[in-house]
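Every chain is named by a letter (A, B, C and D) in the order it is written, and numbering of its residues begins at 1.
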Amino acid sequence: MADLQAILDSIYTDILPRVGEGKVADYIPELAKIDPRQFGMTIVTVDGKVYRVGDADIAFSIQSISKVFMLTLALGKVGESLWKRVGREPSGSAFNSIVQLEHESGIPRNPFINAGAIAVTDVVMAGHAPREAIGELLRFVRYLADDESITIDDKVARSETQTGYRNVALANFMRAYRNLDHPVEHVLGVYFHQCALSMNCEQLARAGLFLAARGSNPMTGHSVVSPKRARRINALMLTCGHYDGSGDFAYHVGLPGKSGVGGGIFAVAPGIASIAVWSPGLNKVGNSQLGAVALEMLAARTGWSVFGD
Amino acid sequence: MADLQAILDSIYTDILPRVGEGKVADYIPELAKIDPRQFGMTIVTVDGKVYRVGDADIAFSIQSISKVFMLTLALGKVGESLWKRVGREPSGSAFNSIVQLEHESGIPRNPFINAGAIAVTDVVMAGHAPREAIGELLRFVRYLADDESITIDDKVARSETQTGYRNVALANFMRAYRNLDHPVEHVLGVYFHQCALSMNCEQLARAGLFLAARGSNPMTGHSVVSPKRARRINALMLTCGHYDGSGDFAYHVGLPGKSGVGGGIFAVAPGIASIAVWSPGLNKVGNSQLGAVALEMLAARTGWSVFGD
Amino acid sequence: MADLQAILDSIYTDILPRVGEGKVADYIPELAKIDPRQFGMTIVTVDGKVYRVGDADIAFSIQSISKVFMLTLALGKVGESLWKRVGREPSGSAFNSIVQLEHESGIPRNPFINAGAIAVTDVVMAGHAPREAIGELLRFVRYLADDESITIDDKVARSETQTGYRNVALANFMRAYRNLDHPVEHVLGVYFHQCALSMNCEQLARAGLFLAARGSNPMTGHSVVSPKRARRINALMLTCGHYDGSGDFAYHVGLPGKSGVGGGIFAVAPGIASIAVWSPGLNKVGNSQLGAVALEMLAARTGWSVFGD
Amino acid sequence: MADLQAILDSIYTDILPRVGEGKVADYIPELAKIDPRQFGMTIVTVDGKVYRVGDADIAFSIQSISKVFMLTLALGKVGESLWKRVGREPSGSAFNSIVQLEHESGIPRNPFINAGAIAVTDVVMAGHAPREAIGELLRFVRYLADDESITIDDKVARSETQTGYRNVALANFMRAYRNLDHPVEHVLGVYFHQCALSMNCEQLARAGLFLAARGSNPMTGHSVVSPKRARRINALMLTCGHYDGSGDFAYHVGLPGKSGVGGGIFAVAPGIASIAVWSPGLNKVGNSQLGAVALEMLAARTGWSVFGD
């Protein structure tokens, strides 16, 4: 795969004239300050090679991408019984919709919409104070990426805490249906901190490499989950990873992935590589506009789509 | 792949004691008469080998699986402009729901829910009388499977025509939103006939082999669609192919697939094989119960999941 | 009540400069041709006096106002058992919405939304051919108004038959839930004809006078329904008579009433009078804009609001 | 009206054997402790006569009936501009539904569902600390009833504060849509206290007498609102006062009214009397079962229905 760097470079060349497209998330004040004219991308292959381009070393708020790591932790704690608390189906609605919760008795459709991620966080917290749960996640992500320098951006966490009314509504609604064990403010405290994880493309690609490599990180030798669980997390990312744009992402890119409103997208080419891309401008459904374009180019130029070459 | 037959045999052994599970579709009178104690499965690999087990040579009503062939025809006719008429996102609701249509101005969410398939049929009909459109589809499927013996079961088509009130409602609703060009009864006439296509597992696996083989049927040499389009149809099957059970199917099986209420499931292992399985008993979301179980076994025993081995 | 004519005249004076406001219903081609610059109003008191102003003698299509007469017929036939087939609650949605039907298993929310009226028509048809049912309604309305000259406008009925896709959808949807006994085309045949009843303000006010007068028409001496049933029909008109504008009508006018997209509104001042007003321009929720304004003026100037003087 | 007492007595005789029917509200722990075997009723006529029967002097939690008094205060403060913040249409859904809020951008359908009442409370709070707003309401209700002994039950208020997750969800959801000016916990603090107003039937009937008497309390001579506003509040009670049972209440009783989950119902016979009834057992839609039955008897035996005698 000597030409992966060439492919990344060609993508960068094609993307550069468009840098700045899309709209930075503005409902979280701290994110609204980010300069949209940035783009970075990193590929880490299962044999440990790293390819990068652009602003791949600038840390950004991973936001909803953190839901993948929390899901992994929750499955590690309670296994398949997690699915009593949250479903596994695409939602057919916006990431922060509450309608589905009312129609389906407080059980969120999947772990990647906000309500589902909040339920997953509640599961991870079992037996922990909020501060401990945040610490556990941070240690887990550092361990996955083999990088102790990863941090949580407190300013972003605070910014969300002050404006996250819809998330407060979702959490209280689930609590009303007894689908939340801990006090709402504790669960959201953890949730807002996990969303505020600050990572650059390389850290993110390394942290998720286990999903491309049968559940183990080939660079560190750490076994994280079983091959079966890795497949299943990938399946969830493919069907539900981009809110109400999941079908579109599968159609155009063809890789399991998870996006965040910070402009990052994490993607997996099973058996081959993990990929992280970042560009802050978002499209209409809230996914990084150029990130999605870059991944479509990557899939087309490498033949990595899971749906055929 | 000398052991594929052995894997099929082992699946058959495991399934046999459970044959009869699930509930035969009863809302179409003609289908309600089918004996649920049947199970067949066929694999056709991209190098042209055929493996079969059980009732693989008994013809059944492919029902919604026909939506894959009609979608292929429609994309061939109008290309990507098809997506003005129908979306590409999972619906988050039942196969015959009309709620989404009203909330989204008569544009069905995807081509694999009933409303979307009816819109696709309307597109395929352009310039044709109903009888001609039915003939075109039949010729296309025979050509794909390289088998002139495939027929349409008129009794099933008539049975649906007499009881398909929800489909009549869906079609009229779309017509009210001007998302149907032809008279409702003509479109549904074609639609009910396409659903009544009668095929056995082997015919079905052959007919869909092009989706596993970069768009061309390696057994006949026929080029059907471009590799890109084959990938995209596979992506749609994975995200939307099993109604509100699509996420679950991806989670457990990990292969693009399309189910029908006749008890058939068609699945694709990109670059490797196409698979057809049939067992009439359905699970709660309307997919073949043992068909799904058999495919999960197959994916586990072969490592064919698109999400990793 | 010698000054009722003076009040009507003052209303007419105030309305005249605004005649032409609103938008003629355009989804029924035959109605789209009506000149919006018309306004008529008639009051018939329970002691048999008739007051009129403007175009009170021009016949118009009463459309949904006919639902009141069909409901009266249906209650006469099956009594309170009617409420197994249709509810009595405001719908909280548009007159032709199908969403509620799916969420509530094919039982329409009330007899004054389209779906509910179609179910009521199905009840009235029991034992009748469509032509007979239409004849029965026409005889009933002529009897109520004591006027044999009332007719049905076949052109309007045909116009609706050709474009009423949403009503066809509603009827088929209910049939799927087994909440329709007769063939859809028969029920809609009757429904479209009842909507095409052509009456002028005076005929309409006379026909509905029994609802203001304890169930009997004081002008003809005919007893139509019991006092209790008259009250109940009035209650249904007040809570559900104007689709998703019922609350607003109650707030501003304060009289039980039923509107139609032909621009007519029928209203009742219990114990005092029945009122018919007509002006073809509709407001945003599909009710006669100036008709509603005129009734608000009438209620204010007479003190007839049921909610206090 | 010498026989009003006789009518009340006859109702009491008919109700007594059924006392205990229905189910006490159990989602507010403090209310769940109430003995369901209680029934009281008071009528106050516009000429100042008071008729009572049963447990008319036992104070109960008026809960949602308080929404009528808060609406009156809010209209007094901001007039018709209130309707920018809340609608005037029946909701077609449960009292605590959040679905409608999402579909209609955070504007509650009417002031009598929970979300609407919370918005109204927010309006009343303008310029006040929560404690002051609660004090203002308490003074207003005491003034209306001419009874300084009316209090707020702090235990009930606290009980709701601890379990009112759905209300917290509703308030945060509206805040997300910028339809709440004050901090959620402040608004809900006031809201839960207003719901905890403790009054007996006689106090309640007196407090609401102005709505039966053209806006002024004939017993105290206090002018509260204009006749027009009194009519309009009555109209809102009739169309929206009993959540998704409003149509049914209008059909059977025919009087404007407002129910609360504490088992109270307040009703108005415009120009004649105000009525308060209390019995803690609730029916399926959350209204006092025997309270509704008693009011239906009263309307039938007095001819007070606004829809005709």
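Convention: a contact is a pair of C-beta atoms (placed from the backbone, for glycine too) under 8 Å apart; a residue touches a chain by one contact, two chains touch by 3 or more.
A quick note: this is a predicted structure, and the numbers were derived from the prediction, not measured.
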Message: Show me the overlap between the contact partners of subunit A and those of subunit B.
response: none
Query: Common contacts of subunit B and subunit C?
result: none
Gap in Å, rounded to a whole number, between the CA centres of subunit D and subunit C: 32
Query: Just curious, how far off is subunit C from subunit A if you go by their C-alpha centres, in Å?
result: 55
Field: Geometric centre distance via CA averages, subunit D-subunit A, whole Å
entry: 47
Task: Hunt down the residues of subunit B that sit against at least two other chains at once, touch-wise.
output: none
Statement: Within the complex, subunit C is touched by subunit D residues 87-93, 100, 109-110, 211-212, 214, 227-228, 230-232, 234-236, 238-240, 244-248, 250-251, 254, 256, 270-271, 300, 305-309
- prompt: Tell me, which parts of subunit D touch subunit A in their complex?
  reply: 97-99, 101-103, 165-166, 168-170, 172-173, 175-176, 184
